[in-house]
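In what follows, chain A forms one complex with chain B and a second complex with chain C.
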Partner chain A sequence: MTLLAVRDLGVDFGGPPIVDGVSFSMKRGEIVALVGESGSGKSVASLALMGLLGRGNVTGSAILRLNDGRETDLARISSRERRGVLGRHVSMIFQDPLSSLDPIQTIGAQMREVLSLHCGLRGGKAQARAIELLHEVGIVDPQACLKLIPQRLSGGMRQRVLIAMAIAGEPELLLADEPTTALDVTVQAQVLRLLLSLRARSGMGMIFITHNLAVASSIADRVIVLYAGQVVEDAPADAFFAAPAMPYSKALLGAAPGIDSVFGARRLPILRGQVPAPGERGVGCRFAPRCDAMRPTPCQTQMPDLLNIADGENEVHAVRCGRWEELAR
Partner chain B sequence: MTAPVLSVQGVSKTYTQRAGLFGRPSQTYALRDVSFDLRAGEILGLVGESGSGKTTVGRIAMRLIDPSEGKVYLAGQDVTALSSTALRPMRRRIQLIFQDPSASLNPRQTIRQILRTPLRLRGITDDTEIARMLAIIGMGADALDRTPAMFSGGQRQRLSIARALLMNPDIIVADEAVSALDVCVQAQVVNLLLDLRDQFGLSILFIGHDLGVVGLISDRIGVMFRGSLVEIAPSRGLFERPRHPYTARLLAAAPRQGGKLTPHAEVDAGRLSPTSTEGCAFAALCSHAITECRTTRPVMRETAPDHWTACRRADLDLRPAHC
Partner chain C sequence: MAEGLFAFAARRAGVNVLLLMLVSLTGFMLLHATPGGPLAQFSLSPGMTTERLNQIAHSMGLDQPLWLQYVKWLGGLLKGDWGHSYRDHAPVLSIIVAHLGATVELGLASLVISFLGGLAMGLIGALRAGEAIDALCSLVGVILLSLPTFWLGLVFIYFLSVRTGWFPAGGLMAPGDASASDRLRHLALPAMTLGLVSIPVWGAYVRAFAGDTLNQDHIRTARALGVPGWRIVLRRVLPAALLPLIPIAGVYLPTLLSGALVTETVFTWPGVGRLFLDSLQYRDYPVALGVLMFSAVLVLICSLAAELLHHAADPRLRA
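Presenting the complex of A and B:
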């Protein structure tokens, strides 16, 4: 059952598109990792999906099918409709914890408000649930944490408070933008397992934005790679980590130092050049100027399509590379 | 041997908390008796539990906050008691790259204004260094006339790294400075920091959670747990032969490409028990704990050359099973 179908999503801020013809769909309960270079439009795309992009023009559609059969286009939802959907059915963990918490209210007050709004819990019940949620995300002393204002929490504690608030309403779709960057690996594993068990229990689907490919590997069913505003690979996680097909995906997997191979190397492998600015993209493949496998034709002359190269029917492994077949040999 | 560029000696930081408006105040330790040296030209990694005090250590080293106890020395000089005027010239030599870049870039300034400030402080008026730095962090000159809000999280982080480096400091405290970056830009910044160290002898306190990155960049690594420094050792020795059970647990939990996690609903009960103030902070979670672990605080001992461990049972073989 499809939970979300994104078709040709585009976002611009008056200039060239920042998010450019992004299409993908996800099933109920599926966990999709969205990875890709910094500035490729991951946050902008997810804010557009949440209808939270202040300025900026959004084109295309993002059809959300809720459990109760309702269908909504998240790309053009009215603000009244949005209030009924956000928090309850769809919720988001923002990339920047400090600016998404109210600096002058205690964590307790902010959590009670969320619990009242999305779960109808008040008073002692809300307090008890808040403590339980903070326990689940591994906060050592929840009672003390509830009394503090955000500034007094460590970076990782803030992130966990946001996660606790986002899952409080047991949403059907969770958009998590770099939710575990400030967590140590043991707490990170605990939080990821919590999200996995929430998925098992309530069928929550999740878009998990991350730069950490080992984290993506730990929880994702599918990996979508964004480069210069476009989807360049969309693959089942197993296939992706075993044999990524797009040269940029290969570069990503090679650039992260694994914990088992850090000694010996004195420097990390570098991908030469930089991402073209939105106004400076050529007609060909946007990765061409940095790609070791580049051939003037077709790479510089024609924008490669996003092709499904999966063997089985009903499977998706899409790749945007004009030479994927030769490179796979 | 020359004096360490930064020396933190017996530093504690306590915060007072009240249970309710009229409740009895109680002290909580954000840091407890932490000592370490940052040697000249060294990259010292700092890893550990979220909330264990890593950011607090960095802020105390910068004298952005005062320690409740203990002393901080910069190039041999005690700076704990210096007034803010006396501190000013010192401050310039040590730069902090914040964990949260949006909190440190003025939203009303353009990038040009933001990056000119450190150069002006150094008496430099032309912009060639700005252009060079932008190229290093992988951004074009079109960035200069925009304000911080128009950049992605990782781009903002790169700008705050550029600003810190333009101050030409001797010491950098990098507080999760690369965790918001994509792996390709992260590789560039990591290599840049290594180059600056090799060429100019820059010393770096590198706080991070990605053990692969911290392991690669650091000469030595300190491990923190609930306000205490529990182990500090050369990186390779720490990874290959951890001697503190918390370090071993941390290394075992690191995610790996190709690995998968399974769901679980239960919370490790020991993790929630209050930290013992008499004994070892890790005792409640430790499968090797003996009675004394809960009653007396372990002190740092040299368990191998330059390898220091605060564990009563540091003789245990905690090597990861797959080695």
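Presenting the complex of A and C:
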């Protein structure tokens, strides 16, 4: 069952597109990792999916199928519809848990606000549900936590509180924008495990935005790689980590520090250069200037299409590379 | 916070006592250094002789060494004896208290006008930042800020009083009329004058604080969780913008309560500001010094109160 179908999603702020013809679809309960370097457009794409950008800046469609069978286009949502969808059907958690909570309201006040908005719970019932939610996300003493202001909580605890607030309305889709980047490594693992267990319990789909491939490999069912605003590879996680087809994906995997590189067995290969700014893209493949496998033709002359190279009928493994067949040999 | 609230208050109180000593010394010496000195009022009376003048000086203790006069005056201040007016020999403290009611009335009324106006202007500017209405707000702000108070007061008197007769041109109330509506009608023009010119000051603060808050991550979180815009403004932006205004109000309030010199003069409003000007004009030094000390005490009390209130209101400052 398809949960979300994104077709030709584009975002621009008056200049060249930041996000350019992004298409993918995901199933109910699936965890999709949206991977890319800074400047690849992954955060902007997620804000577009939340309807948090001006409608004039977004093109294309992103059809979300709700549990009750209704469909709504997140890319073209009106601000009135959006309030009915956000928090209830689609929620988001963000990178920096330290600044993502209101510093002058108690955790309790902020949770009660969401619970009254999305679940119609007030007073004692809201309190009881808030305690239940905090317990669910692994807060040890929920009652005490509700009385505190965010300043008194650690980063990991704040991210748990934010997750509790995001799942309060039992959404079908959770967007997580680098939710573990600002956390200690041990806390990172705890939060990832929490998200996996929440998915297992509630069956909500998740778009997990990250630049960290280790994180992606530990949580994702599918990996979608963004480069300069485009999808360049879209593959099941197993296939992606076993045999990435796009040279950019290979380079990213090569540049990720693993245990062997940490202990000095090999030096980390460096991906030279950086993602071209929206105004500095050529006509050919956008990765060509940094690609070790680049040939003047076709790489610099023609933008490669996103091709499905999967063997099976119903599988998707799409790659955007003019030389993927040669390189696969 | 490392130190407790009590220690904080005690330390501030100590600093304040020192400051008050400094203000009293400076004020006392300045007024004694003015041409004519404290006796100027009497030396101008017709038929005054040097002998009589010396007598007066002796009876008022003005022939004693300056430091002794200062110490005596200071001792009196502490005991609540702030001296007596040279004009009618009434106790200085009771004169000030008698003028305080009118000043507080005008000060609070103008504060309500300027604060509500500034709040509306600042919020509109912050929420519609960069749009036409934001530019319009700043333009109105600059115009209001550059209006001289006395001129604005005269314009109001001319158009809203002399030409139309809608409001009285000055004074606290009509003789023999003690009704609330009459007091309000008298209050309207001076309060508007004093209030309007301060709107852009509050507006600028609110615009800045609300703008800062709107750019913070937690506003985005609230939006991503479907919290409606009006609720975000009411529950998140407004409290965050109001908290830092408390200490600013603590600095601003005493300037209102120690009398609005210009406005009170234009509207013949019998407040502390008028009292101060009058006492200077009449060389009524005990009263002038009294008002000076009264203002200093107000400044210190208000800023201390504001800081304590800020501590109580901002959960982040509570340890």
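Just so we're on the same page, the second predicted complex is superposed on the first by the 296 of 329 C-alpha atoms of A that agree within 3 Å, B and C clash if a C-alpha of one lies under 4 Å from a C-alpha of the other, contacts with A are read in each partner's own complex, and residues count from 1 in each chain.
Here is the rule we use: a contact is a pair of C-beta atoms (placed from the backbone, for glycine too) under 8 Å apart; a residue touches a chain by one contact, two chains touch by 3 or more.
Since this is a predicted model, take the numbers as computed values, not measurements.
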Partner chain in contact with A:Ser99 - chain B first, chain C second, else both or neither: both
Partner, of chain C and chain B, that touches more residues belonging to chain A: B
Contacts of A:Ala277 with chain B and chain C, given as first, second, both or neither: first
Chain B versus chain C as contact partner of A:Ala144, first or second or both or neither: first
Partner chain(s) touched by A:Leu196 [first = chain B, second = chain C, both, neither]: first
First (chain B), second (chain C), both or neither touched by A:Arg83: second
Which of chain B and chain C A:Met165 touches, first, second, both or neither: second
Touching partner for A:Glu113 - first (chain B), second (chain C), both, neither: second
Chain B and chain C contact sites that coincide on chain A, given as residue numbers: 96, 99
Touch list for chain C against partner chain A, complex: 216-218, 220-228, 231, 235-236, 239-240, 243, 314-316
Chain B partner contacts - residues on chain A that touch it in the complex: 36-39, 42-44, 95-99, 135-136, 138, 140-141, 144, 147, 152-157, 160, 178, 181-190, 192-194, 196-197, 199-201, 211-215, 217-219, 241-242, 251-253, 255-263, 265-271, 274-275, 277
Touching residues on chain A, where the partner in the complex is chain C: 50, 52, 82-88, 91-92, 94, 96, 99-106, 113-114, 117-118, 149, 151, 162, 165-166, 169
Contacting residues of chain B [partner chain A, same complex]: 15, 17, 19, 28, 47-52, 55, 99-100, 102-103, 138-140, 142, 151-155, 158, 176, 179-188, 190-191, 194, 209-213, 215-216, 226, 235-236, 239, 249-251, 253-265, 267-268, 271-272, 274-275
